[in-house]
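Chain IDs A, B, C and D follow the sequence of writing; residue 1 opens each chain.
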Amino acid sequence: MKNRLVYMDNGATTPVREEVLEAMLPFLQDQYGNPSSLHTQGREVRRAIDEAREKTACVLGADPAEIFFTSGGTESNNLALRGTARKQASAGHIITSGIEHHAVLEVCHDLENEGHRVTYLPVDRFGRIDPAAVEAAIAPDTFLISIMAANNEVGTLQPILEIGTLAREHGILFHTDAVQVVGQRPVNVNDLPIDYLSLSAHKFNGPKGVGALYKRKGVKITPLYRGGSQERKLRPGTENVPGIIGLGQALELAAAEIPYKMEYLTSLRDQLIEGLLKIEDVILNGHPQERLPGNINVSFKYIEGESILLSLDLQGIAASSGSACSSGSLEPSHVLSAIGLDQQTAHGSIRFSLGRYNNEADIEYVLEKITPIVEKLRQISPLHKTD
Amino acid sequence: MYNEKVVDHFSNPCNVGELTDADSIGESGSFKCGDTMKIFIKVEDGRIENIKFQTYGCGAAIASSSMLTEMVKGKTLDEAMHITNQNVADELGGLPPLKLHCSNLAADALHNAIADYRRRLEPDYTD
Amino acid sequence: MKNRLVYMDNGATTPVREEVLEAMLPFLQDQYGNPSSLHTQGREVRRAIDEAREKTACVLGADPAEIFFTSGGTESNNLALRGTARKQASAGHIITSGIEHHAVLEVCHDLENEGHRVTYLPVDRFGRIDPAAVEAAIAPDTFLISIMAANNEVGTLQPILEIGTLAREHGILFHTDAVQVVGQRPVNVNDLPIDYLSLSAHKFNGPKGVGALYKRKGVKITPLYRGGSQERKLRPGTENVPGIIGLGQALELAAAEIPYKMEYLTSLRDQLIEGLLKIEDVILNGHPQERLPGNINVSFKYIEGESILLSLDLQGIAASSGSACSSGSLEPSHVLSAIGLDQQTAHGSIRFSLGRYNNEADIEYVLEKITPIVEKLRQISPLHKTD
Amino acid sequence: MYNEKVVDHFSNPCNVGELTDADSIGESGSFKCGDTMKIFIKVEDGRIENIKFQTYGCGAAIASSSMLTEMVKGKTLDEAMHITNQNVADELGGLPPLKLHCSNLAADALHNAIADYRRRLEPDYTD
């Protein structure tokens, strides 16, 4: 019997906003034309997609022709990295970090197999990449730097302005995986020397399975696959129309509330962090200030993450251990290892990620429930010395 | 993911803790996922008179520990030695395939405890 | 002022069925968990995806582990072809036809650039591929045959049983693009020697932007992109949950009504064909019998397709000229050229594609409207001699 | 795709047909899309007294033909020679970029008709 439901896994995915669903519905009902069709039904839908593209571009400070809709953050990352690598006349060098999402890291591994060299930069104990390390890593044949705007597990914001500036100074393309940041903090490609940026709708109260790649005009990439002429041939296939409409609507709404939401979530976040740190042997992972407004990542020593998650779940609290994608796996998260946590501490880490529907009562509820959970699991644990 | 019985044993595990007067203690651990288990047994007349456990690990590991201790309490050492990890998983009504290795810990720790007991107290025992 | 709306472009896309939307809605509302999450909200959604996979598998006679959800037919085709090519130790030979969808043809062009050889088989004037030609084309290093189950423009069904059997006899993998057939005619991978099959939800009253690849157990392919472990790593990225649920539901419903729908559409189709052929200088493209139940493709001599489409559109009739994807282009369709139409006749071709919502009144309406349209455009045309 | 004016000219094109008493006939065609156009003119006192067209082509081609014939009716040959394809597209309120090449046909056919007329009937004419 659950008392209530407190969803604190917004870093994994977010609920679709009602207004977003409303915007999508016509495209699951009457407006069913194929946007490539010449007839009225097709042209209406084409117009709606164009509008979604304009909204997306507007929020990012981009030109609509620089927005390419994809099936999500994973595809956007793959498209940017592989697409750029395939445009190179010969194998070259890529710089990324050791804490990127798998959708960047594993592509880099592939590219290594294809003959490119990749530098995986380390991070400090807060999860920050040092721009000086980026500069030091630049080789004469470095053609791409890919550094995420914020880490999905520990929430650390990266100095992408500095890194992008370095990239530009050296004539190197700069990609940022901004999946965790778009819709949460302002991102404007006019202020930032970014050549491409990945985003995913389901992280900002849009639908799952749709994302976008911003690609600065003039930057050339090879598509991942071929077919029709949709998305200017960069991403062929009949468009996920309701998804794209949902993305545009969700992004516009999210962008409008950023200033308010940042403040609101930051305050909730810090309350939760403060409360959690009152429990003995709890450490905060990630940077104390330079972190996503809604991200809280802590390690509970002596106990194991899944059992904490399960206990929370039994109280109606949804959180995650590590990233959603890797929580099915048994290995400690590569991010937590990279910030220097030993395996056991990494295994005891939990991410609470807040979203627009969380409130103070949620924070109180979590704090009320987590204390006895930790106590009980520690009682069971042979690692915890009670004396 | 977990069935009700597993969740039940996880939420209200039986026989948690240490036995200060244990006759033997067995440990087991998974290098892969870091799970660790300690089993304390009190033996009387060749039977497990009391048993307690401590487990660091996931829900499956904790539930298996609880289940196992329930299963072997009052059993002879021989009977207890015959209880396999699969028996524990079965008694729990099944575990997710990915989690089967966690239930492996419980019986292992118990068997270690019993083997150690016998090595020390049963002069004609050989593993 | 339109009198009514008659949608006859179901080959381009179909309206989402109400029951399908209903099945999707919870996943755009309360059931928003990430299926990779361990908590209740995540597990519920995981279960729903598993069910959709089971439904899909069941309809195709496959095992759920043989179904991989994708973003549509285009991606499924790319995944099958590129994924197989990348598994080859060295460059080899592929057999396909000259009338495949661009999502097969253009991939083959890419694979040629990567060093493989591709045979593009010709078709007869009905658009049929001759199995004997397939056999004759087989080379010692042929590793893949890809032939569509039915053509999207002219509707011709291909002898995939014969071709698949040949492929199996020679130990060659066989892929079929069944995007136009699944949900319209029975397709069962137990009866057919198919190694992989592409399908797309929006062609059978499911949502746009989601599809699946059936891949027989044991057949190895390399993923197009990398990231999380979704779809057993063959297609990573947070799942398009509402899309997948919609696909499963739409396919189950479509499969159940196939016997009835085939008969119904075939009868409507033949009525429309009969009526159209009564107009002077109209020719039927594709095979008179061996064609998709809902496909009608005719050429109106002396007049041009777009002006016919536009005239139809002004009467509320939605049709297409060639395939939806290529109708934005100025070149005559590769399919119509392949069946031997001269450029002018090809330019005057129109596809009417029927779906479950069409009825006899629609057929009558189209026949009533098309005759004066053709007459008027011919009056304008300098190619038409009135005497 | 097309604006109302284009659709209007397409649906109810003006000056469709042949002129049996034409003073000159001009043709033009696009190899690329196969569009073909024929313009018939009747000239009186150096002015286009009557004009008709026949067009095989898309909506834009038909609408441009109709628009052009309306624009030049009553104009002097010199005035008509100055009307460009762009003028026709503009007068239609614009055409989709992909379709601009279709409006190119109309003025071309007219210019061919006029040039031919002058070549035959104006002895001091040079192209």
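Everything below uses one rule, namely that a contact is a pair of C-beta atoms (placed from the backbone, for glycine too) under 8 Å apart; a residue touches a chain by one contact, two chains touch by 3 or more.
Small disclaimer: the values here were computed from a predicted structure and weren't measured.
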| item | value |
| --- | --- |
| Intercentroid distance (Cα basis), subunit D paired with subunit C, Å | 41 |
| Centroid distance [mean C-alpha coordinates] between subunit D and subunit B, Å | 93 |
| Subunit A and subunit D, separation of their C-alpha mean positions in angstrom | 57 |
| Inter-chain centre distance, subunit A versus subunit C - centres from mean C-alpha coordinates, in Å | 34 |
| Shared interface positions of subunit C, touching two or more other chains | 38, 306, 310, 328 |
| Chain contact topology (line, ring, star, complete or other) | line |
| Pairwise chain contacts under the document criterion | A-B, A-C, C-D |
| Touching residues on subunit C, where the partner in the complex is subunit D | 302-304, 306-307, 310-311, 314, 328, 330, 332, 343-344, 347, 379-383 |
| Sites on subunit D touched by subunit C in the complex | 2, 7, 10-11, 13, 16-17, 27, 32-38, 54-59, 61-62, 98 |
| Complex interface listing, subunit C residues touching subunit A | 7, 9, 12-16, 21, 24, 28-30, 32-34, 36-42, 71-75, 77-79, 82, 101-103, 106-107, 109-110, 200, 202, 207-210, 224-230, 236-243, 306, 309-310, 312-313, 317-321, 324-329 |
